[in-house]
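Below is a structure I'd like to ask you about.
Going by the order they are written in, the chains are A, B, C and D; count residues from 1 in each one.
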Amino acid sequence: MDFSYSAKTADYLQRLDTFMREFIEPYESQYQKENFRLNGTPNWREWQVPPRVAELKQMARERGLWNLFLPDDKLGAGLSTLEYAPLAERMGRSLLAPEIFNCNAPDTGNMEVLYHFGDKSQQRRWLQPLLDGETRSVFCMTEPDVASSDATNMQTTIVADGDEWVINGRKWWSTGLGHPQAEIAIVMGLTDEDADKHQRHTMILVPLDTPGVNIERMLPALGEYDAPYGHGEVIFDHVRVPKENIIVGPGAGFKIAQGRLGPGRIHHCMRAIGAAERALELFIERGATRIAFGQPLLKLGGNTERLADMRVAIDQARLMTLYAAWQIDNIGALKAIKEISAIKLVAPNVLQQVVDETMQLFGGASMCHDTPLPGLLAVAKSLRIADGPDAVHRATIAKTELKQWQGRRHD
Amino acid sequence: MDFSYSAKTADYLQRLDTFMREFIEPYESQYQKENFRLNGTPNWREWQVPPRVAELKQMARERGLWNLFLPDDKLGAGLSTLEYAPLAERMGRSLLAPEIFNCNAPDTGNMEVLYHFGDKSQQRRWLQPLLDGETRSVFCMTEPDVASSDATNMQTTIVADGDEWVINGRKWWSTGLGHPQAEIAIVMGLTDEDADKHQRHTMILVPLDTPGVNIERMLPALGEYDAPYGHGEVIFDHVRVPKENIIVGPGAGFKIAQGRLGPGRIHHCMRAIGAAERALELFIERGATRIAFGQPLLKLGGNTERLADMRVAIDQARLMTLYAAWQIDNIGALKAIKEISAIKLVAPNVLQQVVDETMQLFGGASMCHDTPLPGLLAVAKSLRIADGPDAVHRATIAKTELKQWQGRRHD
Amino acid sequence: MDFSYSAKTADYLQRLDTFMREFIEPYESQYQKENFRLNGTPNWREWQVPPRVAELKQMARERGLWNLFLPDDKLGAGLSTLEYAPLAERMGRSLLAPEIFNCNAPDTGNMEVLYHFGDKSQQRRWLQPLLDGETRSVFCMTEPDVASSDATNMQTTIVADGDEWVINGRKWWSTGLGHPQAEIAIVMGLTDEDADKHQRHTMILVPLDTPGVNIERMLPALGEYDAPYGHGEVIFDHVRVPKENIIVGPGAGFKIAQGRLGPGRIHHCMRAIGAAERALELFIERGATRIAFGQPLLKLGGNTERLADMRVAIDQARLMTLYAAWQIDNIGALKAIKEISAIKLVAPNVLQQVVDETMQLFGGASMCHDTPLPGLLAVAKSLRIADGPDAVHRATIAKTELKQWQGRRHD
Amino acid sequence: MDFSYSAKTADYLQRLDTFMREFIEPYESQYQKENFRLNGTPNWREWQVPPRVAELKQMARERGLWNLFLPDDKLGAGLSTLEYAPLAERMGRSLLAPEIFNCNAPDTGNMEVLYHFGDKSQQRRWLQPLLDGETRSVFCMTEPDVASSDATNMQTTIVADGDEWVINGRKWWSTGLGHPQAEIAIVMGLTDEDADKHQRHTMILVPLDTPGVNIERMLPALGEYDAPYGHGEVIFDHVRVPKENIIVGPGAGFKIAQGRLGPGRIHHCMRAIGAAERALELFIERGATRIAFGQPLLKLGGNTERLADMRVAIDQARLMTLYAAWQIDNIGALKAIKEISAIKLVAPNVLQQVVDETMQLFGGASMCHDTPLPGLLAVAKSLRIADGPDAVHRATIAKTELKQWQGRRHD
């Protein structure tokens, strides 16, 4: 048992830290303003990427801080899930940083799908430009009309017709759909209603300029459009794509999703922990410097106890997430399902709690964009819903625990 | 001891309920869209009131459902704080309703100030049009640069100069400042730094078209601009108003604030409870009708227990608020300070909790404006900060409790 | 709506308060020691009532502070449930007081059963000596072998045989079974397995000296035997009682239980609230006088915030309980089931929370009998289990709420 | 980073597990009864050790499962703090087990003090018989009259007088003081009131048969005497011991305490986690097998969600404790103070929560000794108070966090 980070992780962590301090953090408040100036409208067709973003991406790439999430020696940095996790935490301290290092959701997950499951031609056509950071991608899974926490509810259909697949359905909360560089969506839908529960669904590649892809609107998450990415609602109206756009084959959707979700949840949770650390720093800074009733806020009421509780909650969430990452690397995501659900439950709640308390210290300033807090609250709350709400993960944990107890009992 | 509502309250409650069901609720989703169409921009100078609002106000007035908050037989309905409280709860079920009945914050509080403390001339000039629902008003208290939870921090100055007062300072979160009909602000500032702590501050009437009143921007609260009201940031730059604009006199600010806050907090809390009831209904409706894993959501996991806990929390908060209202009517707001702080602590937290859980059941739909939930979350979180954050009210409760214990001890 | 206590309640409250301050509180720590000396053994057959207790009972009776719980003008004080509630709270501040006023569980509940449902002969034989405080009684309901939270699980049988009923079964947590003056038990059992769910059970009077009543042991609740009452485990082994010992008749058990539980829960909850008030006073007293790190404990960490939260929790629980009492008086216990379940859930949890926090301030002293805290913890935890654990009451609340929602929906 | 246990730990864990399954678990309920028969009286002078205990200790010793806590190759097993931690967890599943392996508090802590700080003669005289499991020892620190959470409050004095030290004072909650084999106490007291805050106190060895050592009583912790150990209250009345009984020297008390507390807290917390695991198993077992309303309890209400939350809480507490152990081994207890306080805060609270919920499922059975639950509750609550209550550890965490933040800020 050893809690120290690997030499490789430690090295990348330091370089990442340096880059973030020198280039990203000083730019953040300007980015906020620029983004508001360029993209402060619900009219997503006008959205643009602030030019400085492309420059920073180029700089990060030149320094080898690029695609660190990808467990491939050549395309990424060859880091294991556990080795990458602390880097995701570091990036999570900034809402801008993940993109600069080409490590932002949903592109990371989509790249992983194409890397692990795409064929050569799909990889050449769609993966390479994503790895180069030149295009952006979308994952279309959640639907408005059914409880998507139960994926078997999914209603979008993918039907074979000659040399093509025809897609019909409505998806929403498809992140990245508003991005000016978004080119491709991975769409999940029903190919065979009568197949076994986990072989009914299929993933298919749909270029966004295909006729019948009708983007209806971008959805604000607690008022945040997250421009220039956006979370879109889209109708697939008799959308036709060639046969070869299918990933793996009909019925492979669930298997791919499973593979996609394991490391993806580690990334989400570690970024959430990084965000919580940042919120905690804001809590301390505000608490130590703002004066009321003749004292710094930290000396009033239960604020020091809050600080202690939040510190302990964050540290526990981090250890739990690193442990889940270690399990993914060692026994695979499927066998680590209890631990993965555990962190998906814990980390976003810790973030929400820390942000909520920090907002209390900031008062009015916490409610508007003068602080990153409303954005962080939207992240926390979104994470508690996306990829299964808290309750679904509690159910998974309990089910697995019960099964393990029954196993022990019959030993 | 008797928990039944007075005949007067019961009668108004029924008429209010009828009006809301017949006219307001059916209009709500259209209002939402119309408001977004007219006012879905941060550029507040373009904001307009949807015409249907004026019609509804007229209809409410004709039916005697007007200014119910005002404890005056002629100008209002002569209801005590306790009698009005259940009506405020009913209105609180809708974000639109309070305005229709001319019972919305901050106008109610401002009207109370003018009613209780304004002189005849101030009442004629400013109160009457507010009572008629023809103008809107603003209360400027919170400042960005100091912890406004400790009101003695306030930095805006009001200095006598000849026949005028000169006001300098910066205020924010001044609700209503973006409203096209906003005409008047009650501004609180420092008149005598050396006076006793509670006699340093003064309230003064500042017409919004006075030179030097520079509105800088509207602030979104968790992304909600609350158009066409808005929460503004404003600079008072050598703003000059005539001597007679002062309310009561120099140094009376705290005394007036105290009087304003008592009933105002009852209103806020009862509306929060009404909002919590509405969110709970959404929770039940969604839980009873949405299917996942072959069951309505309510049958899954701990959802029935959540329902029970929320029901109990809301009922307790309501009783506590009604009790505080009864105390205000019987012993006055000053002596009821512990109970008033208690409800200010409890009610918004209950609302936040209910909204948070309801959002979990709604999933993605909860994050955007397809449901009233993001708006209700912003209300809850704002209420936990405005008029003193939770921590300040906990401190007040503890201080009062300790004082009472010491009193009993020395009996 | 009126939150002031009735004149009758106010008068009794003052007399009760005087009696408790003058006679009970000064005796309490001596009682604790005397009780430990006389009864500090699990061997319940040796238990005795400290002689001072009988004296105090006599004094209370002479002052008319006797059987206040009974809603009968002659036998009690003719107080409604709501009017008695504040007196129960006052008594609840002392673990000894309820007995002194002949208002202790389970005798109150048993007297209510006999008063409302007993026939003349049963009342003469069993009720009168209880009203006189000369005998004690037991209620035998919970069974060790089945989940008694679901009363239909009950396995004890009551079978007719000639002019007698024959009882067989095992009961436990039968409070009062160890008392030297215990004479009579009301036993609930199964008379007709095939009847409708709520007509299977029957209540019957069993004198404790009947052959076949085999008391096995007294059970400590978190180490507390509650001598000289005790909580017993008892076997009914072919116990024969005459036909006339049945209450109302076969199958009436549930109906009687329902009537018994409504006011009984008000009493339990109000006593719990009184106990919580006492614990809160201990919290404040300890916090204000004990010094650590150069400060009274109350000035350290979050202790003032804890104080505030506990004050608010207690006040809300009290109002909720008074409201439930008012409903019992006005619409009956059956229709007030949601509110009764609500207080059964809330009040013991509030007590447990206040006791838990107070123990933290008392440190080591809190764990042993140098403070009343371990006794109060046992009360709280017992109340969270007896008469249905928290989860059962949450289920009742949710079920009722859902039914009411469906009713409103179909209006 | 590696989360797998060392080969050494894995080997011991398996052997320990086998021993516990084969010899300790089957004996536990008999032990409970035997202990009640022999020691079910507050009269501690009659207490005896059940003979089977000595046999089991001998068997454990023969199998090399002895003194595993001691980081010494010869006297113990040469395990690091981190390597021993999982063994402590395993032992913690039983209230009896730690003693069988000579790994029970307070003897472990006392042996560590003598091992690290005792001189040769002290080790020969007092350490050896403890290592052999033939005597038992006591640690006298907490005092009834002052807040012992602030150790500088301590009032017991140790004064030099010729060739002797004279001890005067009152201690309580001295665990093991009732044990028939208890021979020696390590007493902490004040030697120099005017010295620097951390050099005022001294530890000294006091044989329990020294004149003036007056044991007044054993204290029940929530009704548990923990016989035959007991928690004693003792007066030191002009107790005289020879000069050489001092440990290290005058003023070294704090330094020794610091060294004693680091690993000791790991042990306590890991045992608490083991106890929580056992309680969780009881929760699952009861939940899966007990029927109410036609269903196993686990299927009712929020019980599966509770199960999930408890699983996640335990796993996080374990990882946090192992991390703190790793820090103690790598940077020393002093530098790991924040993490040590964190686990002291977290682990006992997790245990209390799990036990509380499990009690709810067990109903009446949970309140008496038919289950281990009251004992586990007393352990949890005691641990939240002993060695500093929760609030003290929150203060330590916040203080350290703030200091670290200031350090980073001035980089």
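Convention: a residue touches a chain if its C-beta (ideal position, glycine included) is under 8 Å from a C-beta of that chain, and two chains touch if they have at least 3 such contacts.
Here the structure is a predicted model, which means the values were calculated and not measured.
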item: Winner on C-beta contact pairs when A-C is weighed against A-B; value: A-B
item: Centre-of-Cα separation between subunit D and subunit A, whole angstrom; value: 43
item: Averaged-CA centre spacing for the pair subunit C and subunit A, given as whole angstrom; value: 53
item: Interchain centroid distance [CA atoms averaged], subunit A/subunit B, Å; value: 37
item: Subunit D residues counted as touching two or more neighbouring chains; value: 301-302, 304-305, 391, 394-395
item: Pairwise touch network: line, ring, star, complete, or other; value: complete
item: Residues of subunit A defined as touching subunit D within the complex; value: 1-6, 9, 82-83, 281, 284-285, 288, 298, 304-305, 307-309, 311-312, 315-317, 319-320, 322-323, 326-327, 338-339, 342, 345-346, 391, 393-395, 397-399, 401-402, 405
item: Contact footprint of subunit A on subunit C as seen in their complex; value: 301-302, 304-306
item: Complex interface listing, subunit A residues touching subunit B; value: 40-42, 142, 144, 146-150, 153, 172-173, 219-224, 290-293, 297, 300-303, 359-361, 363-369, 374, 377-378, 381-382, 384-386, 389-391, 394-395
